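As C-alpha cells, here come the structures.
Across the two complexes that follow, chain A remains constant while its partner is chain B and subsequently chain C.
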Partner chain A sequence: MEQSSTSTPLTGAVQGLASELASALRSGGRFRLAAGIPDVHGAEANAGLALAAVRVVGADAVLPSVLRRAPAEADDLALFGRAVHIYPPAADASPVSVWSHWAMKQTLRRLDAPSGGGSDRAAEAGPEAEPQVAWLADVPWQVLTHQLALLAPLAVPEADCAVADVARDRPVDVARGFVRAVRRRDWLQAAGAGRWLVLLDGVPATLGLGAGLEFVAHMGGDDPRVALQVEAARHLQAGARP
Partner chain B sequence: MPSTDFLTVELTEIPDVEEALNPTEVVGFYRDTRECAALALQSGAGNLLLSPPTPRPKKG
Partner chain C sequence: MTSTRLIHTVGTGALEWLHAHRDGFRLEQDVDPEVGFLERFKPVGELAVICKVLFREGVAGSRQAQLARQLLDHAWGHVLDGGRVLVRGQRIEPLSPVPFEVYLPFKELGFSNPEIERAFRRVQRLESFAALEMPSVRRLGLSAVQRRYGLPPRPPESEVVAGTWLGRTPEPWTVEGHIAYDITHTVFHLTDWGENPDGLPAPLADYLAVWLPVWLDDWLDLQRWDLLGELLVVDACLPRPTLDERAWEGFAAAQQPDGAMPAVRTMPQGDPDEVFDVVYHPTLVAAFASVLATSRALTQLAHAPA
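Coming up: the complex of A and B.
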C-alpha cells in the first residue's frame, strides 16, 4: 500500500520531525528536539504546528535519548512536556490516542528523573495508572497489528505495560500481521510491527525478520515515518547500543 | 496573557491531531511479482513466510 498521499501542514511537520529523528538514529548524531522548533514568541502558528507534530510522533520524539539512555536537554524536555500538556486526550479519544499520551508522560517522567525532579514537567508527568487494554486483548490479528503499529513508540527496551504484554502473548499473530502489511505494501504498518517483533520472544524464525525489515526500508524508506521505525527496530536489534 | 495561552488557541485550530494519531487502515494492494522475487532473494534460503506457497502436485 502506498502511504496516504493526503498532505496537510501537520503531515509535513510530522514527516520533518520523523526525518530528523531517523537521521539522528542512523548517524548516531546528536538530536535536539527544540532546535527545530521556532521561537514560540516569534512564530506562533509554526510553533503550534511543531508541537502538534511532537504530539503525533509521541514518545518517539525523544527516542534517541531513550535508546541511548542519555539525558535529554532541559529545553527538549520542556518542549516535549508542553506537547503533553497541550494535547491531553479528549473524553472520546481513541485508545491509541490515550495510550500514546500515557507513553509520552511515562517517557517524560523517566527522562526527567535524572535531573533531580522538582520541575513542573516532572510534576505533570508523574506516575499514573495505565489506560485499560481490554480493547486490544481479543482483536483479530489484523487489527492487533494495525493498532500495535500505531503504538510503535511503546516498543522500547523498557517496555513494560499492558500493550506490550498483549504483544508478548501473540508473537505469531504479530508476525502474521507483519507479513500481511508487507504484502499490502503498508510499509508504515510493517515497520511498526517489525519494531515490535524485534522485542518479542517466540517469533517464527521462518519469518526472516531481518531481511523483511531491510525490504521494508528499501521499499518504504522514502517515507521518514517508515525510516524512523526501521531505524528504531535496528537499534533494538543491536541492543540499543549508543 | 500568559506566554503559552496562545498555544492553546493555535492548537485548537489544528483539527487533525486525533486523526493523525489513529488513522484508519487504508485499503491496500498486493505486491507484484518483481517485488516478490526481490524479497525472496533477500531472504536467502527462501524459507520466508513471504515466499509463495510450495506448489502441490496436480491431481489426476
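Coming up: the complex of A and C.
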C-alpha cells in the first residue's frame, strides 16, 4: 500500500510544487508560486501543466503565505487565481473536489484582502456560500478520515467551515483513522489526518500524535506531498509561527 | 447491531467441529522427552478453558453443553489419562508451569488429581519459579494461575501489569501481530478469561475502547481470523462491548460449513493431523468469542428499555 511513484507529467509537476512548498515551510524561506513552477512562462503546455498542478495541490499552493499571515506576491496570486478560474468543479464533481475548489476561492479572497477584514463567515455568505457537508456527516470513521485527509488544505488556523466543524465533532474518529492509515502505510492519508488532529481538541493523549507525525515523516517523507502535510502540521502545532 | 443469532451460530459450528475432530487433541507418546512432550499439552488446556467459559456463561444450548461435556471427558480421561500424563510431564520438566496451567481449568470444573496439585504447591514456592525469565504477559498469566489455586500470586498481578505492553498504553499505531497477541492475553489474564471484566483496570479499558475498533478493522481486512477472534473476545471483555457488526459478519463468513475456522485467509489442505494443528486454535477462539459475545448481547438485551 505504498504510494505509487508513477510519473506522469502532472504527477511530476505536483511533486515538484509540493517539494518547493515543503522546503519553504521547513526552512522558513521565501516561497514564490510563480517561480516555483518551472517554465511557467514557457510553452503553453507547460503553463497548463503548472496550473493543473496548482489545482491538484489546492489551497496549499499558497500555504506559506496563509501560515505566515503574509501578503502574497501579485503574480503568485494571479497564477493561483487562474487555476481557480479555469478549473471549476464539474457538475458531477465529488464533494471533495467541490470543497477543495471552495477552499481555493476562500484563500484567494483572503490573500486578496490583506486588510485582515472579511474573515467573518457570515460576511462571506452569498455567492461563495459553503458547499453542502451532508455527505460527511454520518460516514464511518474510516471514510471520514480518508475524506478529511483529501481535504487537508482546509486544516489551517482559524479553520472555520462546515468540514472543520465535522472534524471538531469527531476527534476520536479522526485519531482512529490516523492509526489505520499508519498501520496500512498510507503515509499521505496519515499525514493529512495528522494535520487535522493538531487542530482538534479532545484527541486521545495515548495516540502519541507528535511521535506519530515524526514516524510518518520518517517512513513516508520521500513523497513530497507527505512532507508538505507533515510540515504543515508542524507549523500548526507550533501555533503558526510568523 | 450484530445479530445475536449470527454470533451464537459461529460458536455452535465451532464446537461441532472440535467434537468431531477431538482425536486431534493428542499427545506424541514417542516424542523425545527432552524435546517437546509438554508442547502438545497446551491445546488440551485451551480446550478446557473454553469449555469452562461455555458452562460459566450459561448461553449454551443442551446440545452444546453435551458436546462440551463429552470433549472434557475425552480430554481428561483419554488424553490426560486422569491427570497421570500431567504428573509425568511435571517429572520431565519439574519447573515448567505448563502442567499446572493445563490442570487448573480441569480442577475448576471438578476433575481432580491430588498429586499434580501437591507438586504445584511445592514448585511454586521455589525462588527459582518466581525468578524464571519470561515476558511480563506470561508472568501475569502465572500470577493469575497462583491466585486461582488459592495461593498468593508472586508477584501480585497489579505489579506485573505495569510491565506489559498494554499496561503502558503505548502508541496504538505501532501494534502488529505479536503485540496484538500480547494485548489479548493480558486482557484474558486480567479478566480470568472474560469471567471478571472488572479485573481490567479502567485506564486499560478506556484505552481499548478507543483503539480496539481500529485493530478489529485491520485484522478483519487482513483476514487474520485467529487474531480477529481473540480481539473479538477482548471486545466482549470491555465494559461496553461494541459487538462490531462488520467484524462479526466477516468472521462468520470465514467459518467453514463444518465449523472449522481457518487461522489466516482460507483453510489449509493436507494431512488431517496437520490441518488440525493449524485450525484447532482459531476454532477454539471462535467458540470462545461466540460464547462471550452471545452472553454480552443477552445482557444488553436484558438492560435495554422495553
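Of note:
Heads up, the rule we're going with is that the second predicted complex is superposed on the first by the 221 of 242 C-alpha atoms of A that agree within 3 Å, B and C clash if a C-alpha of one lies under 4 Å from a C-alpha of the other, contacts with A are read in each partner's own complex, and residues count from 1 in each chain.
Following the convention adopted for this analysis, a residue touches a chain if its C-beta (ideal position, glycine included) is under 8 Å from a C-beta of that chain, and two chains touch if they have at least 3 such contacts.
Everything numeric in this text was worked out from a predicted model, so none of it was measured.
Legend: residue contacts after superposition of the two complexes on their common chain; A:Gln106 is shown touching neither chain B nor chain C. Ranked by how many residues of chain A each touches, chain B and chain C are led by B.
Applying the stated contact rule after C-alpha superposition, one finds that A:Thr8 touches chain B and leaves chain C untouched. Of the two partner chains, both chain B and chain C are touched by A:Pro204. Within the superposed three-chain model, A:Gln229 lies out of touch with both chain B and chain C [touch as defined at top]. Once chain A of one complex is fitted onto chain A of the other, the partner contacts of A:Gly212 extend to both chain B and chain C. Residue contacts after overlaying the shared chain place A:Trp141 against chain C, while chain B stays out of touching range.
In the superposed pair of complexes, A:Val179 makes contact with chain B and with chain C alike. Touching of chain A by both chain B and chain C, each in its own complex, is seen for residues 175-176, 179, 182-184, 204, 206-208, 211-212, 215. Partner chain A is touched in their complex by these residues of chain B: 3-4, 6-8, 10-11, 13-14, 16-18, 20-23, 25-31, 35, 38-39, 42-44, 47-50.
By the touch rule above, chain A contacts chain C in their complex via residues 141-142, 172, 175-176, 178-180, 182-184, 204, 206-208, 211-212, 215. Taken in their complex, chain C has these residues touching chain A: 169-173, 175, 207, 210-211, 213-214, 217-218. Within the complex formed with chain B, the residues of chain A that make contact are 1, 4, 8-11, 14, 40-41, 44-45, 47-49, 51-52, 55-56, 58, 82, 86-87, 90, 93-94, 96-97, 100, 146, 150, 175-176, 179, 182-186, 189, 204, 206-208, 211-212, 214-215, 218-219.
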